[in-house]
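Chain lettering (A, B, C and D) follows the sequence in which the chains are written, and residue indices restart at 1 in each chain.
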Amino acid sequence: MAEKGWASAVTSIAPNEIRVRGYRLEELMGRVSFGEAVYLVLRGELPGAAVGSLMEAMLVASIDHGVTPPSTLSVRNAATTGAPLNACIAAGALAVNRHHGGAVEDCMRLLARGAARVQAGESAGAVAQALMAEEKTAGRRLPGFGHRIHTDDPRSHRLLVLARQAGAAGPSVAVAEAIVAALAASGKPLPLNVDGAIAAVLADLGFAPELANGFFILARTAGWIAQVAEELGREKPMRRIDQQACTYDGPAPRELPSR
Amino acid sequence: MAEKGWASAVTSIAPNEIRVRGYRLEELMGRVSFGEAVYLVLRGELPGAAVGSLMEAMLVASIDHGVTPPSTLSVRNAATTGAPLNACIAAGALAVNRHHGGAVEDCMRLLARGAARVQAGESAGAVAQALMAEEKTAGRRLPGFGHRIHTDDPRSHRLLVLARQAGAAGPSVAVAEAIVAALAASGKPLPLNVDGAIAAVLADLGFAPELANGFFILARTAGWIAQVAEELGREKPMRRIDQQACTYDGPAPRELPSR
Amino acid sequence: MAEKGWASAVTSIAPNEIRVRGYRLEELMGRVSFGEAVYLVLRGELPGAAVGSLMEAMLVASIDHGVTPPSTLSVRNAATTGAPLNACIAAGALAVNRHHGGAVEDCMRLLARGAARVQAGESAGAVAQALMAEEKTAGRRLPGFGHRIHTDDPRSHRLLVLARQAGAAGPSVAVAEAIVAALAASGKPLPLNVDGAIAAVLADLGFAPELANGFFILARTAGWIAQVAEELGREKPMRRIDQQACTYDGPAPRELPSR
Amino acid sequence: MAEKGWASAVTSIAPNEIRVRGYRLEELMGRVSFGEAVYLVLRGELPGAAVGSLMEAMLVASIDHGVTPPSTLSVRNAATTGAPLNACIAAGALAVNRHHGGAVEDCMRLLARGAARVQAGESAGAVAQALMAEEKTAGRRLPGFGHRIHTDDPRSHRLLVLARQAGAAGPSVAVAEAIVAALAASGKPLPLNVDGAIAAVLADLGFAPELANGFFILARTAGWIAQVAEELGREKPMRRIDQQACTYDGPAPRELPSR
C-alpha cells in the first residue's frame, strides 16, 4: 500500500532555488508580467509579449463587477459574520459555478465545436446558425451571450479589439462574432458578454475549457478583497445585505490619464 | 427591520457602463497592467508605473512553490476526490492561515511597529534589536524570517532590489533588513523569506495588514490551477498524495531570453 | 526531513474492524444514539443515557432557523449559482463565525469565568453582576444574550429544563440564569438565546469552548441540506435571494403526537 | 428587476415561535431523536420510531473512519496551518466528491434503476446480473461495492440487519444483496461497503439521491471536529501529515456495556 512515486512538471524546489517551468522565479520577477507568468505556469511556456498583454487585459476585465454578482454577495455575507479574509474568498469561489462565471467554460466548449467546423472549411456564419439550432433543439441557452444588466458589454468589444491587435483572434472569435450577428439578424439580439469574449480568446489561445472557471476566480479575487475591506471598514457586523439598497459613492467618472 | 441603504465606492454598474474607482473598465483593459488594476481596486487610485511593476513582481513571486505547501496539498487532495476546480481553489484558500501565508500579515504588523519608531528618529538597527527582544520576551517567533527549505530566499533579494528601483523601499524595508543583519550578528542567521519581503514592501506602500493574506491567495490561485490541471491530467482519482514521493520532471533549468 | 510517527486516539482502522474510541462501530450502530456517538467521538467515553438525550436535544435545537441566518443565505446563494451540495454546505460553514454561531464559544468562555468564581464560593447573582460590569468596561456585548428576532427564546427555556432533568445543570447554567435575572432587574431585559443556552449546557458538560462552533455547524448541516433541496426543487438558477420577500408555505402549525 | 416573492416550507420564524415543518422546535427537543429531526427537516414528516432509529444508526455508521480518508486529511491539513474550526470543516466537505463519499449518490441511482425493475416483476438476481453487465459495458465501476481497506465491511452487515428489523428493507436492499451474491459467484467477490449499504437503505426510505452526499457530510462532521481537536491538542503547527506514519493509541478494544 506504499505510495509509489509521482512527478510534477510545474515547479522545482531546491534549497535557495525555485524554478517555475524551468525558469528561476527571481528572474521572472520584474521581467515578465503577471499575465505572462500565469500563462507560463498554466501552459508551460512563456507567451509572446502581445499575448502576455492580452492575458493581463482579460484579468483586468474580470477584476470586479460591483456588489451584484452572487459570488460577491457570498463574500460580503461571510465578511459580515466575521469570517477571516481567506474564508471570504473561499466563499466567493464556491459561488462561481455553472450559472455564474461557469459560462466561460460552457462557451469555450460551444466555440470549440464551432471552431473545428470553421477549420474544416465551413463559413463562420453557417456554423453560427448550426450551433444556434443545435442548442435550441437541446433546450440549452447559449452560454456567453446576453447579460442581465448590459445590453452591449463594453468589456467584450474591447477584448476582441485587443485580441485582433495581438494577432490572437482565430476561429473561436470568428464564430462568437458570427453568433452575435446571427442573433441580431434574428430579431432577438444578445450581446457577447465578457464571459463569452474571454471564452473566445482563451479558446483561440489554446487553453483547456476546464481551466476557465479558475481564470475568472483568479482575477475576481482582487475585487473580492476590495469588497471585504470595504465591508469591514464601512459596515457593522451581522447586517442584512440587500444589494438593491446599495448605491455607489466612489470617485466620479474620470478619464484614464494618457501615459 | 427594513434594510437601510448602504454604499460602495469600489465599482459602479449601470447598463453598458462599468467603472472601477471611476475609470471605465474597458479603458483600463490593455492600458494598465493587472498589478496596477489590483492596486487601483484595493487602494482607490492608480499607482505610478514603477509601483505597478512592483505589484506585478510581488504577484509573480507568489505564483507557485511546488507541491510542498499545505495549501497546495489541500488543492491536490480535493482534486483527487473529484472536486470541481473552484472547490479545489477554495480548499487551497482555506489552508492559508497564520502558520502558512499568514506570516505576511503578522510581519506587516511587526514592521509597522518598527517603522513608526524609525520615523520617530530611532535607527533601524536599534529598532531591530528592540523588536527581536520584544518578540523573544513574548515567546513569539519572528514572522517573515526563516524558511523550512531555503536558507537564503532568492525571491526576497530580488524583491528588495525592485522595491529600491521603484523608489518604494521605506522604513519597513529598512527594519526588515536590519533584523536580518542582527540575526546574522547573533550567530543565528535567518533569511528574510518571501512573506517577509512582501510584507516589508506592502507596508511601505501603505497597504493594510488585513489584506496581505488575500494578496498571497490571489497570486497563488494561478499556481493552484496549474496543480489541479496536472493532477487531473496525470494522476488517478483517490490516490494517497505523498509529497515526499514527488519528483520534478518539467523543463530543464533554462535562462529567461533577453527581451 | 522524514516525517516522524504520530498517533491518533480517535478511531482505529484494521481490515474489517473499525473501532471508535475502542468500541466496534457496528456495535454502536443501533445501540447508541447519534448524540451519544457524538459525545463519544469528541470526549472519548460514552455518556450516560440522560446526557445522551441532552446531546440530541441540543442538536435538534440547532437544526434549522429558516432562511434568515447569514449562513443559510450563503447556502442558498451558492445553490442558486449551481454549486454542488457539498460546496453549499461548505459555504454555510464559512459563514459561521464570531458574529453568527460563534456566540456559543464566546459565551462558554464568559460562563467559564463565572463558573470558576461560583465554584470558589461566590453567589451566582454576584458573579453575574461582576461579569456584566467587566464586559461593559471592556466594551463588549454579552455573547449568548439577546436575539434579533426573539425577545424570549423558546429553545433556551426548553434546553435548561432538559438539562435539569438530566442532572447536567451546573454552575454555568446558574450563572447564565443569574445574568438573565440581572438584565431583567436592570430594566434592559435580554433573553438567553439558544447559543447561550447551548453554551451553558456544553460548559457544564465539560466541553472545550473551541468545539462549540463545530457543534452548531454539525446540527445546522441538516437544515442546510433541506434548504438546498428546496432551492433546487422550487427556484430558478441565478435569482436574487431577498430574505425579506420570503414567506412560509409549509405545514400549518401542528402538535407533536404523543408517542 | 425587483425580486418577486418566494416561499419556503421548511421552517417558520416568528418572534418567540420557531416551527420546523409545522412543529414547535422546543416541543421536538427532548421528544424526537436527532435522526427523527433530520428526517423531518428533509422529508417534511416525522418518521416512525423504527425508521428514526435507522436514521440514527446510519449517522453513527458514518461518524468517523480514522485519519485515512482524504476529507479527514484535508481537515487535518487545514488545522495544521491554523485554520479556525469552521474552515477545517468546510475543507473536509470540499473533499467529499464523486470519488470519496459520492459513491452513496451514484449507488442510489444504480439501485433505483434496479429497484424499478424488481418492482416491475423481475427477480433481484436477474436485475443484479443485468446492472453489472450494463455498468461493465459502460466502463464504470460499481459504486458502493468494494473498499480499499475492508474486504467485508462490518458496518454494512449491521445496517442491513437494522433495516430489516425496522421493516425498511425493500427492493434497493434486495438488489444490493443480489449484486454481492453475483459478485461472489463470479469469482470476483466485492463487499457492499458502507456507502452502498447506506445508499440501499436511503433509497428504500425514499430519499432523493441528490441529498446523499450531504447525509455523509452531516455525520462525518462530528468525526472531523474530533480530528481537529486532536490535531490542535497533540501536534505542532505546519507539520507534514503523513497518514502512513499514524498509529492508534486510544482506548484498547472494549465491549459496549449492556444498557
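As a convention for this text, a contact is a pair of C-beta atoms (placed from the backbone, for glycine too) under 8 Å apart; a residue touches a chain by one contact, two chains touch by 3 or more.
Everything numeric in this text was worked out from a predicted model, so none of it was measured.
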Same-site or different-site touching of chain A by its copy chain B, using the half cut: same
Looking at A-C and A-D, which pair shares more C-beta contacts? A-C
Once you find the CA centre of chain A and the CA centre of chain B, what distance in Å lies between them? 22
Indicate the whole-number Å distance between the mean C-alpha point of chain A and the mean C-alpha point of chain C. 40
CA centroids of chain A and chain D: separation to the nearest Å works out as 36
Chain D residues counted as touching two or more neighbouring chains: 3, 84, 86-87, 90-91, 94, 96-97, 101, 240, 242, 244
Using the touch definition from the top, list the residues of chain C that touch chain B in their complex. 1-3, 84, 86-87, 90, 244
Can you tell me which positions in chain A touch chain B when the two form their complex? 3-13, 15-35, 37-38, 41-42, 44, 46, 49, 53, 56-57, 59-61, 63-68, 84-87, 89-91, 93-94, 96-97, 101, 149-155, 157-159, 162, 208, 210-211, 213-215, 217-219, 221-230, 232, 234-235, 239-242, 245-257, 259
Once bound in the complex, which stretches of chain B touch chain D? 70-71, 73-74, 77-78, 80-83, 87-88, 90-91, 94-102, 148, 237-238, 240, 242-244
